[in-house]
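First up is the structure itself, then whatever we jot down about it.
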Amino acid sequence: MKRKTEKAYTEKEMMTISAARFIKDRDIVFAGTGVSMLAATAAKRIYAPKAVVFFETGGIDPTLDEIPMAVADPRVMSGTCMNSGLIDAFSILGHRKFNTIAFLGAAQIDCYGNLNTTAIGDYHRPTTRFSGSGGACDVASLASGVITFMQHEKRRFVETLDYLTSIGWYQGGDSRQELGFKRGGPLAVVTNLGVMRFDDETRKMYVSAYYPGVIPQDIIDNTGFSIDVSRAFESELPTKDELRILRQEVDPQRLILG
Amino acid sequence: MKRKTEKAYTEKEMMTISAARFIKDRDIVFAGTGVSMLAATAAKRIYAPKAVVFFETGGIDPTLDEIPMAVADPRVMSGTCMNSGLIDAFSILGHRKFNTIAFLGAAQIDCYGNLNTTAIGDYHRPTTRFSGSGGACDVASLASGVITFMQHEKRRFVETLDYLTSIGWYQGGDSRQELGFKRGGPLAVVTNLGVMRFDDETRKMYVSAYYPGVIPQDIIDNTGFSIDVSRAFESELPTKDELRILRQEVDPQRLILG
Amino acid sequence: MPDYSEIEDKLMSLPQAIQRFVKNGAQIALSGFTITRNPMAAIYEMIRQGIKDIHLVCHSNGQGLDVLIGAGCVKRVEIAYAGNGRYAPTCFRFKKAIQRGEIQFEDYSNYQMSLRFLAGAQGIPFIPTKSGLGTDILRKEGFPREIRTERKVASKKYEIIHNPFNGENDDVILLPALNPDVMLLHTQYVGEDGTIRIKGLTFADIEQAKAADTVIVTCEEIVSRSFIRQDPDQNSLPAFFVDAIVKIPHGAHPTSCFTFYDYDPMHLNLYKRAAQDDAAFDEYLREWVYGVSSHEEYLEKVGKETLSKIKADKVLGYAPGLDRK
Amino acid sequence: MPDYSEIEDKLMSLPQAIQRFVKNGAQIALSGFTITRNPMAAIYEMIRQGIKDIHLVCHSNGQGLDVLIGAGCVKRVEIAYAGNGRYAPTCFRFKKAIQRGEIQFEDYSNYQMSLRFLAGAQGIPFIPTKSGLGTDILRKEGFPREIRTERKVASKKYEIIHNPFNGENDDVILLPALNPDVMLLHTQYVGEDGTIRIKGLTFADIEQAKAADTVIVTCEEIVSRSFIRQDPDQNSLPAFFVDAIVKIPHGAHPTSCFTFYDYDPMHLNLYKRAAQDDAAFDEYLREWVYGVSSHEEYLEKVGKETLSKIKADKVLGYAPGLDRK
């Protein structure tokens, strides 16, 4: 298992920054709660000042002086350019004019980035029931790209999902397009061990980067399906600026950073 | 032809009041421009204070201190309870919860109250092209009831429409319901000669009332299809109150009354 | 001097409104989203009146949904998301009820549910989307086949057709419209003329209200006709959509009401602890719902101190610096 | 001190905006309705630049549509209503063009066209309605079959299917979504951050803007970021939908712009007289469109006196007592 070394940053900070680094200027960023909200906010303040953060509830570009605890938090409606509703939010999410990047989380993920946020066990009588899709199924269907946050554990990185809530690369290759989706698909999976990406041909997950203090074998050991590590390199450390902005501006109360 | 006698009221005033008398309290009244706007406003001020006047453009319950010259006139947005748009307006028009009564006008009408506001002659190369449906087709399809204003002339009351823009009782009997409409249909046609209604069984137009100074034969002579006058009676004269409110409150500038 | 003459037939007490308009087995939609603008006062009153066999239709309801399920008022639910954000990643009573097989459920997504309300609002029988193609939301049906003939239950979960305007093979999902029996809407403002104004995000409240047969509105304030009509562009619903109007300050507590009050983290955490244990939850209901006769009495229990802590800054819309851990 | 840094890449002159974004043969949607908020300045500039073969998609455009058709810029139109209310029961140049067989046209209703824009805005391929069943809007097709394969022309005018959620025979019309190349939107306010605020009725402007590939906005005022963000509930479109922003006071003249100015009855009557005669209409164009190099010059011709007559009362939104005969 990964070596415990004294680090100048926490796992959550590393995950947040790793994800934030994917955001480019003018991206329209769909954020959920938790780490995804931190990553979206950090990205805008550090690398992509012209990116716009919005929420499925209809809040567009809030000031986020305080971290929302839910996507319906009044902080999501505060200082926005516009407050609308779900129908509007999803018309933006899927709009062909925009590069919409969405952050998601899940209970299970498979090697093609399909996600389960609905149930473990039998759907009708599950051993564990989760919240359900929310907007995740829509995001996975309609956004230009999806970045998923996961705790890297065998029981979460599985061969077969108990329930496919949100479409990824489906069964790999061109199978997503064949379903009828003209765009989108998983960009990356950001975990507590590293960053996974997807092969351009097979659409299968591979290890793109492992965090300092992690070795590729740690990721293999914690993944429930075979995963290619041949393209893996060690992630860059979080910079002083990244950490300062994340800690002082994004979540000073450490409501999510902990 | 109708005898010219000195009257204490004009044809337009008589038409407006005849139509307004159909409106009941709590009706949701869909108004267009011209006489229909006068009738809606008069109805609210005289018989149905709890009726609500709205417009296909989305203006709901404007004060109408001045008569709008079009359904997009800024006067339709002034003092309303809400300013929205067409999608909202039509969601009200067709709403099963409401008794929505709509006023329309047309270039041609047939014996079942179907209307033409599109073209005379060949559709592709008409001798006369009109404005087109606007919201008329939608009103005729979705409202609870339609009252149509017409100049009573043979060329307008025709056996066969050159173009069926707005559905009435279609081909009579149950044919409207068989098309898939659960409600609605023409209530009355108000002309410069009298008020026509539709038989409950055959759905064919008949003369319900003729104005003072008009005789049933005048209506027969000016109708392009055979019309039953056996149920016709002479209309009540406009009352002093009706005329006073219409002239002093509804259209003091006589923009539409002329 | 307020003039309620225009809405005299709609103004009533909460018990009256629930009694008159909410029947056992009713299909019900709730305003708000997770921890915001849930019609909590109305929900507590439904529980006190013992309304049973409710068929809930939700996109992402949180607190309101969970209390109703926990109190045993709900028979079936069509839903996209049951959670309270950081205060309950999955609503606790919802989770238990499904794991124990106590309620019938059907999963959709937020966009799908919103579109179904939109279709209901526009009076169109169904609405197309591509969202969900290839997922188990389509492959797995939650509702048992035999209830597909019951009132307010769609004859099918969905239908897939080829896009008739596109030559190539292009699948589209058709979703059935929703027309709930009742929509419970909590809002900030109702005018003396009955006009509704929602501040902040409207979620799918407006679509839900237009789709419903009956709309019960609870509000923080009833404002003057001149105030509500001075900027009609801001208003959300005309009076004629509304069947009952009840003034209930803090009617959304412990969820938030933008520009009036924040959510109540203390209460949400208290609820979180209670909801995870059956006995503790029963005790919660006894104390906070059955144990009080009205929302006023409930608010006395919440206490002035807490209410002042969560009081929103009018400009920001929330309570800055509130301890939300 | 205004700060345009957030919109520097979108702020441009009207000639630049039209040159950059409007190509011959483009499918174009216009803001407003009959005599209100038509993007007249942009339309005049398109005529001056000699844009040809336009495919207009409208619900009820009036003045803007008629001038464009009269100037020979329009090849085909999909439309519900071409009129100016009391000032033109049927738009004159539109009427002549169709009677002379000069343009291709397809009739729909206002609700149908609005729903088609809504479908385009939501990215769904079609949308159902029952409005129009049994009418010649379904029975008679305006566009020649051979153009059905051209870009931006729907492969079919409509499709009828049975409602798959209803056992009994229940026909529903499916209407194809619209996604215009360009939408020309005239509005009251744009914020320094590019946020759009439309005052008064929005018609189908918001759906049209979301449905379009490119949105050109002309506005009466560019207001401060703090003003536009102080009440986000009132705003109509976020900046990222907008491609070009042009400040053009009185940009809708002779049509009205709620709270800024009324329609100009003198000009509409002048137009009415001109539009009924070919030579007089050419003269009108020479004088009011080709004869001026910019909207500023056009407004000088309109004259300060007229502009002050039609100046709107800020509360009423129109010019009370204006002679509108």
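Each chain carries a letter (A, B, C and D) given by its place in the written order, and its residues are counted from 1.
Quick note on the criterion: a contact is a pair of C-beta atoms (placed from the backbone, for glycine too) under 8 Å apart; a residue touches a chain by one contact, two chains touch by 3 or more.
Being a predicted model, the structure only gives us computed values, none of them experimental.
Listed here as common contacts of chain B and chain C: D.
Farthest from chain B in terms of Cα centroid separation is A. Pairs A-C and A-D differ in how many C-beta pairs touch across them, and the larger number is found at A-C.
In whole angstrom, the spacing between the mean C-alpha positions of chain C and chain D is 38.
Per-chain CA centroids place chain A at a distance of 28 Å from chain C. Rounded to whole angstrom units, the spacing between the C-alpha centres of chain A and chain B is 58.
Inter-chain spacing, taken between the CA centroids of chain A and chain D, is 40 Å. Contacts with at least two other chains are made by residues 115, 122, 130, 170, 172, 200, 233 of chain D. Contacts with at least two other chains are made by residues 77, 79, 83, 87, 90, 94, 142 of chain B.
Chain-to-chain contact here is organised irregularly, matching neither a line nor a ring nor a star, and falling short of all pairs touching.
All chain pairs that touch, listed by label, are A-C, A-D, B-C, B-D, C-D. Chain C makes touch with chain A in their complex at residues 32-37, 59-60, 62, 79-87, 89-91, 94-95, 98-99, 101, 107-112, 114-115, 118, 130-137, 139-140, 142, 170-172, 200-207, 256, 258, 262-263, 265, 312, 316-318, 320, 324-325. The residues of chain C lying in touch with chain D in their complex are 115, 122, 124-130, 154-156, 159, 161, 163-167, 170, 172, 174, 176, 199-200, 230-231, 233-234, 315.
Residue ranges of chain B in contact with chain D, taken from their complex: 33-34, 56-59, 65-66, 68-79, 83-87, 90, 93-94, 118-119, 123-138, 141-142, 163-167, 170, 176, 179-181, 253, 255-256. Against chain C, the residues of chain B that register as touching in their complex are 26, 28, 52, 54, 60-61, 77, 79-83, 87, 90-92, 94-98, 142. On the chain C side of its complex with chain B, the touching residues are 121-123, 191, 193, 195, 210, 213, 228-229, 232-233, 235-241.
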